[in-house]
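In what comes next, chain A is part of two complexes: it sits with chain B in the first one and with chain C in the second one.
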Partner chain A sequence: MTSTLKILGALALICIAMAGCGDGGGSRDPAASNQKVYRHSMDQAPVSVDPTQAATVYSNFVVLNVYDTLYAYKYLARPYELTTNLATGFPKISDDGLSYVISLKPGVHFIDDPSFPDGIGREVVASDFVYSLKRHFDATTLSQAAWVWQGRIVGLDEWKEAGSDYDSEISGLRALDAHTIQITLSKPYPQLVHTLTMGFSALVPREAVEHYGREFSIHPVGSGPFKMERFDTARATLIRNPRFRAESVDLAALGFDPALHAGLGLEAIEGRTPPFVDRVDVNFVTEDAARWNSFSKGSEIQFAKIPTEQFDTVLSSKTPPTLKKELENRYNMVDFVEPGVIFNTFNMDFDEFGYHPDPAQAERNTALRCAVIKAFDWEQRSERFYNGIAKIYPGIIPPAVPEMDSGMSRDSVTRDVEGAKQLLADHGWNADNLPELVYGVAASVKQRQLFEQFRGFLTEIGYPSEKIVLEQFATFGDISKAWKQSKLPFVSKGWNLDYPDAENVLQLFYGPNGSPGSNDANFADPEYDRLYEQSAVMQEGPERTAIYRRMNEILVDSCVAIMGLSRTNLLMWHENVIGYPDRNIVGGFWLRYVDLREE
Partner chain B sequence: MSGAVEIAATTERRSRGSLWSKAVYKLSRDRFGMVGLAVVGIYLIVALGVWFGVWGQGWSDVTGPMWAAPSDEYRFGTNVIGQDIFERAIYSTKVAFEVGLVVAVLSTVIGAILGALAGYFSGTWIDEIVLWLKGVLDSIPFYLFVAALAFALQGFAYSMHVAMIATFWTTTGRLVRGEVIKLRGFEFVEAARALGVPELTIIFRHIIPNTFHILLVQATIVFVAAIKSEVILSFLGLGVKDGVSWGLMIAESTQEVLAGQFNNFIWASVFLFGLVMAFNLFSDALQDALDPRSVT
Partner chain C sequence: MDLLQFAIRKLISGIPLVLGVTFISFVLMVYFGPDKTYELLGKNPTAQQIEEVRHQLGYDRPFLSRYSDYLRELSTLDFGHSDSTGERVIGLLGRTIPVSLALTTPGFVLGNLLGVLLALIAAYHRGGWIDKFIMGGAVVGMSVSFLIAIVGFQLIFSSSYGLNMFPVRGWDVYSLTDYLRYITVPTMATVFVALGYNTRFYRAVIVEEMTRDHVRTARAFGTRPWKLLYKNILKNSLIPIITRIMFSIPLVIISGSLLIESYFGIPGVGKVTYDAITTGDQPVLKAVVGLTAVLFVLTLLLTDILYKMVDPRVSLK
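== the complex of A and B ==
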């Protein structure tokens, strides 16, 4: 009898233990609670989700989902088009282009949070926008975005110099009433509305910033479609904001095009109110192979960028990119040319390649740069590193913006080894007097291979191999610092557009932006600078486009850089996910429209 | 009868020979050791050929097709940027020998000197300092030390060599110290001291030569360790700065194998395995041959 009781007792314990395990598993398993969970992936983790630190695509992605911005880009429209978000309409702009009046939607609330009285989120008001922009000019915030509005809004820079007192008013940045903002510019800034789509401009409540202090960077309190439940280096878990404003989807207004978006199931969200999923897990997986394995396993992440090594495994054709038959029913795929440019530029501060006080030597240097450009084989670069499906074009203006000039001569992107040799010989360059070219890379296998390919191109025109020297930097931050300090004669980099306007790439060669600014080339051409200043205050139109194109020609003619290429990105997501997951320009804004098909 | 006399005479000659001649004899009788030596010799010839520009000079050319299969033109195929894997593999032999020799020679010399000083002056402040230095260096994890040194010596092409030399001398130093403590009590040292020979002369002229059998074996062990470490460090991005090595080839292959391209991985591994295996066989045989307990 005693032994029977013992056995029964042991069985009961086992049952309890198993039931306990079962419960735990069930609570973690979203399917068990009928929650809709979308599992996204990104290749890096954001360090902070404070809007003042949203300088990376990773941080911007999360910020745009937990906070609100005044404007956004249309979810599906390509080329990218602006639309309203927290603003009721586009700004009322004065005739001189200096005054912007923007109205906010009433009845929008921050999430419930202990930083508010009684823990109930209050209404979002115009003064929150004023406060949020002021934070970028508070030295204690260490904002990465002050450059966006620096020298442009009346009184903002002076407010910073006076000590950043949040209670003092700024004449150029005012809340006229609870739902009306007025921005007064010191000079026209046609890109202002674009800057109000960026995570940097997201609205934060002062109470939460003061309540959380430094922890605000990992404890977001916004009015976006999601609120953050968990955030660490492995994952950000976002859950639906139950108080998010009810606005039904109008697909046509979001840029839906049946010809382009057919088969993605987007029609299913028409007329419904986002967000559509209960939870989003944004997994940060740095290794391509690990991310791909998780994606292709089927039960883990539901979105991934296709690693270049997997193209042959996944695609039946590269031009146009087409999924293999057996994968068509399991995955959706989209391909697009990234809104950015990859280019290599000479640093004109180095007199062995760039500007030289002796006009004759300056001319020889120009010939040397032109010869290097002729030696560069963009087709091979695309074939070997970007699967041969990248877009190659002359100049710095990428195809993602309407100002790109498709009629421009392609001589600067066409390899001409004999022409390069002739140019060197005509200007007295030979193996003995060619200068040493230091090529910096952030330590990685791919960067080293890019260097070796570049060196191979130059040796074919007679440039001695030992004069093309590799300098390795431990991290991207280190090499970036070297560029900013003008320590390298040659800069190899990529630039992602912050907004769809060619000005964003043309400013990379504007003289006053020289080191430590964004002009790593330290290019200083009087005509170019004059045209840049002229176009910087012009609204979009044919006249401005003509100026942009002329500036592009100046860059090509002066042989300042080897340019350019835009990669074609291939994104895949599981067939049961309804969405169009392009994070370029749009950022993470599209996440509110993601839905899952019923299994 | 005459045969027995000859064997007896040979045995007598052998027993009367020096430790070195006995070791050479014993080494020559070790088949695995001799095969190892022959393979190392072949690698050395390959490395010398690269040094003198006879072959392996096209390792950086990017004129080949992407991922070409092995053929008459490209014996081991090509990598993603069209470089000839055969050329790169044999050029890497020179890099391996350079690293191995530099590290083995310098760490052995440093280990011999510091070990001999510590052993001869055992129990004094000199011994204390050397032991403290050795203890400190041994307590730092090797790869962490290399990474720290690479960061500290940013841009210096030989930071990997410096790190290896700084850490590899300690084992040699410990063995030499022990041997010297034993030797300093021998009569020939006593005699030299009695004759008024300066202490440094005693150490460098009379004692260190008697530790050569340890140094030789240690040098071969360090040589192999240096080559293996170079491969690992280059794979991690802490090794060879400019040029090519088997470690860099294997690092390149991490992306290529995902695309089904294995030539870089296979050939770099084969070359590395061949040299390390051969050197290990040779090193083992040398160790056996120079072991005073077995050389009689």
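== the complex of A and C ==
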């Protein structure tokens, strides 16, 4: 009896061990099959790879590799430049800027999948694009992208109101034939082509959506350079799509600059057809220590965003960031200024800081906001939290877009404690009558530290420490709820650009976008709104740039926000990897061009 | 027959426990948990879209209606789809629980076996230097946080700064050798921390048993030390040992180990559970809480049966 129990126990242990074996996707060991494998890493994991949920950098990154979009950004060109992807060329735009006709490349196929008849992927056609965009306006998909096209395409909002019947046509979104799309806008939308680079706009086949139902989010069926083999909280495994269209690389057309890209080995991909690796493992490594250990090991992940605590280990100089000599032969590095902005806004709905019916009090409130801005020390913020290599600039328009005004006065980002004190005194503010300032954060050690630094700045201008109050929220969802319900007088947040056009950040202060929209400041300035509406229908050009810059000045003059900063990330990759990485705008598009040097 | 009757009685008496646990946890989820709505919204939502998301999540339905759905889901083991990933919850757990089991079982088994063994040695040499040495080690194990142990062991055994013998992270398990490569360091970290708690607990139990008359008598008859420890002491100490081990099992199965999984890149149920808690993914949370409650009821039953097996004096009535 005892021996039987022992045998059963041993068998149970072996069963438990083997039950957890396999990689979740039933794949074979790549090392055993001599595959060319590139091991990427990201600092967060996406939760879904349905294009309707591609709202994060992480999700978008994967989506862009398993699906196709009509347009993309040139792999190597900076500032970012649009190029075609699934479209044969740029749209034919009518003179009034309302009609866009886009042709699709013929002969592009979805991957083979059980959702298709006989499991063979069919050709990608124009109606797939129409269907894919419609999904964002179907309430059951919980799309995070409706805002991108809402109120812009003729008939799309009405289609939703009528119950989202996929078989009914939309006058402004049509497939003219198998390879031609026509989009009719209700008003000009110069950013439209940019939105067609986003993972949100990726083309999905209706058969797969209906076959997998809600689990379509983890069973991507696209026509991108890779297909997904495994997806869990630790990793996404992408394998080369053998049916991906053959298009050879023209480095010059991709923005190759011999001066900028020398030494990266990119010349080796000229004339070849991507993707160049058989498999990509996108590892999701949230813990900085584990990411660095894995990266520096040599045999595991080959790309990593370097944790700030390792900067001293890898850099010989921070300005500009330079690798230590002994690491130069082992790694490549790029200092990547994030196309986004970190800023803090006052919520103008709160009459102790923002708008006030009494003009005199409104003026005092403006002085108070300006004093807080003068008290804020961006240099210290960068030094303490971003290793002193962040980009600091006046206004909300970041360096990643061409509309940034490098000649703008830097007064709003230069600390002036005495000026702040004087401003408070001139407007009758003192320790007794200064209002309580509630600073909301999603609970974390770093957020607490950011708050303490902020409180330190303000106490130096005489703001009583006890009047600067921290309110912690358990999750990002909770603080987001407080923002959307306009319950916090002070909002501290970051915004990643969805596309490289300053409109994407200027809309953060457009009056009609007030809570629950993206204008958490609830800023409502008639001149600003007028300029926004004027520029929103203008094509790129000096006139529009001038308006953008004027709007930026209004924001600075109104003292509505403490702005701005763009983080600089150090991206490192092993020397045997041929590539030029990008996290946000080009994002996942670059993975198809990654290659590995022969050992 | 007695056993069957006992099992049925025990399972029926577990129903109020499951109902209580699920009700309280559901109240917490609904009224105090994170609001998933705002995780799912786009960057520039309208009030209408907020209402749509709330409707899709079922937040606009009465509490009791939602709770009765929960009980139905628990009874059919169909918890629907994760609000975050869209994956079927039962499939999600079916995919991740075996990984967590494979990851945590060796550490759990070794931590308890070694704990009992060290406790026996320490108790036998009570007051001597061996006892002090073992107990000192146990205190060290208890004093070091799990996080530090994980980072430390990873650095020492896996990284290029240390011995570089094992993978830093991953779970590409195609053979028993792969399995051993991936679990060795996590297991060492788990055992290092668990051993302290286990050894101290088991020593206390064994020391108490050693003061019994039958042990004194056995010693007087010249019973050899190992025989004394095994037959006279360990066997008679099994009730509290079984209790401790059995009640740890549901947590090992369902909760996994978040820290281990995160640091070693292992796709287990710990990370899934943590994400569900922090983002308010109610379908996953309902499944985890409900299944844990059911497992506890089953564990209670199994524990009572084991009591009977190791101590014939225990009556199932």
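In this section, the second predicted complex is superposed on the first by the 568 of 599 C-alpha atoms of A that agree within 3 Å, B and C clash if a C-alpha of one lies under 4 Å from a C-alpha of the other, contacts with A are read in each partner's own complex, and residues count from 1 in each chain.
In this text, a residue touches a chain if its C-beta (ideal position, glycine included) is under 8 Å from a C-beta of that chain, and two chains touch if they have at least 3 such contacts.
As the structure is a computational prediction, the values presented were derived from the model and not from experiment.
Touch criterion met: A:Ser143 reaches chain C, while chain B stays clear of it. By the document's definition of touching, of the two partners only chain B reaches A:Ala443; chain C does not.
In the superposed pair of complexes, A:Glu300 makes contact with chain C only, with no contact to chain B. In the superposed model, A:Asp312 makes contact with chain B only, not with chain C.
Shared-chain residue A:Ala289: touches chain B and chain C both. Put chain B and chain C next to each other and count what each touches on chain A; the higher total goes to C. In the overlay built on the shared chain, the residue A:Phe216 is in contact with chain C alone; chain B does not reach it.
Once the two complexes are overlaid on the shared chain, A:Ala474 sits against chain B and chain C alike. In the superposed model, A:Ser465 lies in contact with chain B only, and not with chain C. Within the superposed three-chain model, A:Phe457 lies in touch with chain B and out of touch with chain C [touch as defined at top]. In the superposition on the C-alpha atoms of chain A, the part of chain A touched by chain B in one complex and by chain C in the other spans residues 289, 474. Residues of chain C touching chain A in their complex: 34-47, 49-50, 52-53, 55-56, 81, 84-88, 91, 95-96, 98-103, 105-106, 109, 151, 154-155, 158-161, 164, 167-176, 178-179, 261-267, 271-272, 275, 278-280. If you check the complex, the residues on chain B that touch chain A are 60-63, 66, 80-83, 150-151, 154-155, 237, 241-242, 248, 251-252, 254-256, 258-260. On chain A, the positions that touch chain C within their shared complex are 13, 16-24, 28-29, 47-48, 50, 55, 139-140, 142-148, 150, 214-218, 232-235, 283-287, 289-290, 293-294, 296-298, 300, 474-478, 480-481, 484, 498, 507, 513, 516-518. Those residues of chain A whose C-beta lies close enough to touch chain B in the complex are 288-289, 307-310, 312, 380, 383-385, 443-446, 448-449, 452-453, 455-457, 459-460, 465, 469-474.
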